[in-house]
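Mind having a look at this structure? Questions to follow.
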Amino acid sequence: MLLLIMVQMIDSFRGSTYHTCMIKAGIIGATGYAGEEIVRLLTGHPEVEIKYLSSRTYQGEPFTDIFSQFNTLLSDRCVSMDIAEMADSCDVIFLALPHGLTFSQVTEDILLKTVIIDLGADFRLKNEDVYEKWYGVKHTNTKILKQAVYGLCELNRIEIAASRLIANPGCYTTCSILSLAPLLAEKRINPSSIIIDAKSGISGAGRSLSRGVHYAECNESVKAYKAASHRHAPEIEQELSILAGEDVMLTFTPHLIPMNRGILTTSYASLKKSTSLDDLFYLYKNFYRNEHFVRILDPGKLPETRFVRSSNFIDIGFALDERLNRVIIVGAIDNLIKGAAGQAVQNMNILFGYPEEEGLTAIPAVL
Amino acid sequence: MLLLIMVQMIDSFRGSTYHTCMIKAGIIGATGYAGEEIVRLLTGHPEVEIKYLSSRTYQGEPFTDIFSQFNTLLSDRCVSMDIAEMADSCDVIFLALPHGLTFSQVTEDILLKTVIIDLGADFRLKNEDVYEKWYGVKHTNTKILKQAVYGLCELNRIEIAASRLIANPGCYTTCSILSLAPLLAEKRINPSSIIIDAKSGISGAGRSLSRGVHYAECNESVKAYKAASHRHAPEIEQELSILAGEDVMLTFTPHLIPMNRGILTTSYASLKKSTSLDDLFYLYKNFYRNEHFVRILDPGKLPETRFVRSSNFIDIGFALDERLNRVIIVGAIDNLIKGAAGQAVQNMNILFGYPEEEGLTAIPAVL
Amino acid sequence: MLLLIMVQMIDSFRGSTYHTCMIKAGIIGATGYAGEEIVRLLTGHPEVEIKYLSSRTYQGEPFTDIFSQFNTLLSDRCVSMDIAEMADSCDVIFLALPHGLTFSQVTEDILLKTVIIDLGADFRLKNEDVYEKWYGVKHTNTKILKQAVYGLCELNRIEIAASRLIANPGCYTTCSILSLAPLLAEKRINPSSIIIDAKSGISGAGRSLSRGVHYAECNESVKAYKAASHRHAPEIEQELSILAGEDVMLTFTPHLIPMNRGILTTSYASLKKSTSLDDLFYLYKNFYRNEHFVRILDPGKLPETRFVRSSNFIDIGFALDERLNRVIIVGAIDNLIKGAAGQAVQNMNILFGYPEEEGLTAIPAVL
Amino acid sequence: MLLLIMVQMIDSFRGSTYHTCMIKAGIIGATGYAGEEIVRLLTGHPEVEIKYLSSRTYQGEPFTDIFSQFNTLLSDRCVSMDIAEMADSCDVIFLALPHGLTFSQVTEDILLKTVIIDLGADFRLKNEDVYEKWYGVKHTNTKILKQAVYGLCELNRIEIAASRLIANPGCYTTCSILSLAPLLAEKRINPSSIIIDAKSGISGAGRSLSRGVHYAECNESVKAYKAASHRHAPEIEQELSILAGEDVMLTFTPHLIPMNRGILTTSYASLKKSTSLDDLFYLYKNFYRNEHFVRILDPGKLPETRFVRSSNFIDIGFALDERLNRVIIVGAIDNLIKGAAGQAVQNMNILFGYPEEEGLTAIPAVL
């Protein structure tokens, strides 16, 4: 309760400070897909001014040379990464870097001066041994790691508001956790029975060139990859374990789908006791009753990724296999928005006391 | 044993009769996608002559007006459906009709004159009550139903050879059954634990116009549909139950993928005891040791639908979730070839004593 | 000059009336793709309230049942078309109907009460004989036709502002005219030499089901259609003739491209005298110097449809074939935005005295 | 006439020699897309045995590790390029290398031992200055260049049969030349009026990784590139000049289309005198009357790339713009087959006296 009051105080303080002027934002890793989407969203955010776009690869080049969609709209050049300098003049820094590059950058000094929203993996896993096991790198900044809050807005809103370092969740993770949270929180399913079969558009593989996302090598084809060995699995387990109040281990298999954007997760679990679609519907509706970005579909309907495209929504629907007392939960997000940049902006809104929808009001562009 | 000899006699008899002249084939429902693919495959088959192309919709029109790819290669016009007349002059009739339209057509009289390979659903389910439950139509030809053989070539080759009525399996079905058969036959998995998450290209929805497959309504999107209520589920269960020697019930969820061709099934099951990838590899390799069209991928590799495109192959790979003692089996086929027309031709080859690869030697067209 | 003052008076009057309350808008044909995009754009427009969504096909159904992307964001049901009733309570009515259905609807009475923005073809061609020739329907409302203004915002802004009936241009038309306007206005090219080779995404074919846009019949393929016989040709010729001050006849060939959105026009013309890329660049830059939505690319760069996706921009670039003294102009728009709904909203902004960008500030969603 | 007899003698000699045993073939550059398609076609060719698959990048690796579609069908490993060694044991060598790498490889010595079919650009342009101008590399092997025959089978069949070095045409080139040849040979069009607007699937950009063909950077978009500066233009001009009996200069603009395979060329030209569609139809039909791979569509029909996919056909259709006395010719090929590997095999068949269709009988795979 005290925490809540403090949070509200901080919020109102922040509000009063920042509403009159604009939030100054820096983006490190601005020329990846997530980085570009943050730039796009912030450009449309009424309360934010972009101060720095940083890119290792394109240092010195106009941002519009890399992303021509910003032609005539943005005149910034990419700068080199100097997080200390940025921290002096930015209220918030978004980090969108490959894992292993971030944890050395974020110091206590930096966090005294600015707020960090990290879209990478370095601060997501609370246990540094788990991090080392899955990422093959020793975590060298466990002190700062302890300060990080897992930025899944709908579940951790209060902690986020009070934090200076947000670990923005992975794309598969966001969709998986939000799809399963009500069932685990309400102890309706057997945790060891969970299987998540996930499907991602190809932008999820990032902007770096590689054989697997060369057009003619992935167009008109579907494949599974990293079955039971993808790095988002421990992240999903960590957060679902907290919700369930017990250790959750699950099987996670991602697939690559020939489309630009979108993630669909199809999750399977055994019900502790039989239920109805209506009952599940009300369970979810109630769990997410105050959530603007979570849309529970009417019983009998299942999501399609196009209905959330370019938006920060997650659509959730379900089916029952009554013969086997199994529930099937289908979630859909835009991997680059709710799965990355949109959630990062939502986290920023929480941190600075703005309405969570600010800058995220785009209606899904279904075509 | 006696059956085997009889089969071989029939085969050799058929061989001696037909090898000198060509098999005469009729196709009913030639202007659907499966029908068109049968025409394409038979046109390239060295031992077959197409006598009739029948279409309800395009009666009287040149086949090349509907499928311009056959321009200059085929001069036939579509005829109306007269199965009795066809039976008089055809050695084999392929039926590619919607369910409910076939069972009244196939009579004992017809079967005395010709061999039927039915790509529809009317003779796949051995139990007419199960048929009625899933298809909502009462089966009115249960006598003939008893004569039908389920035409999954790799599993039922001998019965196929001795039959006059082949129920060609569904597309999802073929991929699912062949992916799981070795594990169930060898009692390695718990049957009630099976979950099949299937992904199909859009040609699987057929050639009839509908909102869901209007280009802009399915391109750049993925969705689940008919979760736990798709009609291929009872077909998979029927055949896997035979293999397992016990009743198999499973959860089956199909998805629609924005690509023309291909099915990928990702199947999950609990292992009775822990095993290794190598062990699974040898189990599958041995089970399918004589099968030209089944390719077991090296341990650690997973299939992609593009690697079987336009071919009659199924590629199978697997992964283990050792923490949960769960196996993940991934199968890939071309839904129109091994999942429909190709398997129909393979069945024809078995019936007439030809090498199974005849007319099916196309190397996958990966692009 | 007087006209301009009148326009500004009307504008300021309109402005003073409407800025305090919201514009009330009705959309007829709201469940086609253009209609849906108008709804999407108006929902995000700060000064507009949607009063009616009308649909012949879906009368009585919730709009979100047809377009699930609006789930939780819009509660309207589709109503039948009663333009007279709408006119009483709407400040503006958008018509998005097939040709031939509109001209009987728009009466003087209606135009006294409300402003009409017609996205169909019925008021685009000023000569009713040309209309009849290309559309095969006799125009029965030539009196009203005379009042219509061709709503290509960048060229006819002033007339638009003073009108009550706007004929919103076609998609191919907008891209073609804006690409060629400076060259014709400045008499740089030989009008009879113009060839426009246009490429459109498949949403351009509309939402009605048809064989040609059934997914598997157009995916992974490109074709030309209606070469030298497409109905947008006379519309392009009409407007370019006005600009050129002489009759322009040209060859127009559209193509269908396997993608949802976007139009690219590649136009060819013979230069009256040789020139340089830089010269052309400044010609275009100058001609469109005050236009927010027209982006002239730097010499040597050519547009891609993705860089304007979901936005109201047109990108224009050029190349020279110096050996043949020919200029190649490439234009790119989003066919549903600048080619339909976006331009309609831009027209509304002009009519009601708002900044033209209002509600159209979306940055192109490149992925 | 003498030449013809000699050719026939050579052919019959070759026939008698090689029909009893198999042609031994080597492929250099086997792991590009054109190389892979040659391997695929030759594997299905009844008279060819592949001896060498050479790859600079994948030397020592099993070919199936790179192209899993050949799994179980091909056991070769990639070898390094040793053209001299290959020449000793191969009857034909296919070269599929980037320009500039080939001309130094092909010596008189090599050509005494084997026949070369070069899919690259080094021997296509007869004039070494033109080569240097467009490719920026000095041609260092002009002596051998003089021996090369331009391998557009339908036009140069006799010279091909008598040659030892075939310059296999480019993909855009093949489609453009065959589309325009009858009109120029019959002097029906004004050569200086020709404009070719070409559209290619993305496999045309090759297998090397690059930003422009990274999936999410080209999917759902269309663009023009190298307008009036693409290297296939001089090749088209060279061959059309020969046909026209006068110098032909034309404007050529290629576009990239989001699909794997296929080229569509839309060519425009001014007619010397007015004509009818029927007249054009008979002109083309007659010009290509003996050509299996050239399909002239009925008047009023236009080609689609899907109808030639995976086949060696070119489909040609036309339209007239009678008002401007302009003809529009649309051609469609599979860029990897008739535009590369298929034509290379067709050239091999001509060289060795086989029916031209041998190994090229695949019916287009429309889906």
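When the chains are written out, they are named A, B, C and D in that same order, and each has its own residue count from 1.
Convention: a residue touches a chain if its C-beta (ideal position, glycine included) is under 8 Å from a C-beta of that chain, and two chains touch if they have at least 3 such contacts.
As the structure is a computational prediction, the values presented were derived from the model and not from experiment.
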| item | value |
| --- | --- |
| Joint neighbours of subunit D and subunit C, given as chain labels | A, B |
| Chain whose average C-alpha position is farthest from subunit C's own | B |
| Euclidean distance of C-alpha centroids - subunit A vs subunit D, Å | 48 |
| Gap in Å, rounded to a whole number, between the CA centres of subunit C and subunit A | 37 |
| Subunit B, residues touching no fewer than two other chains | 33, 203, 216, 219-220, 258-261, 304, 306, 309, 367 |
| Parts of subunit D lying in touch with subunit A, wherever the complex brings them together | 33, 202-203, 205, 207, 209-211, 213-216, 218-220, 258-260 |
| Partner subunit A, residues of subunit C touching it in the complex | 33, 36, 40, 43-44, 67-73, 203, 220, 260-261, 295, 297, 301, 304, 306-311, 315, 336, 361-367 |
| Residue ranges of subunit B in contact with subunit A within the complex | 192, 195, 197, 199, 201, 216-217, 219-225, 227-229, 249-251, 253, 255, 257-262, 264, 266, 268, 302-306, 309, 319-324, 326, 328, 330, 332, 367 |
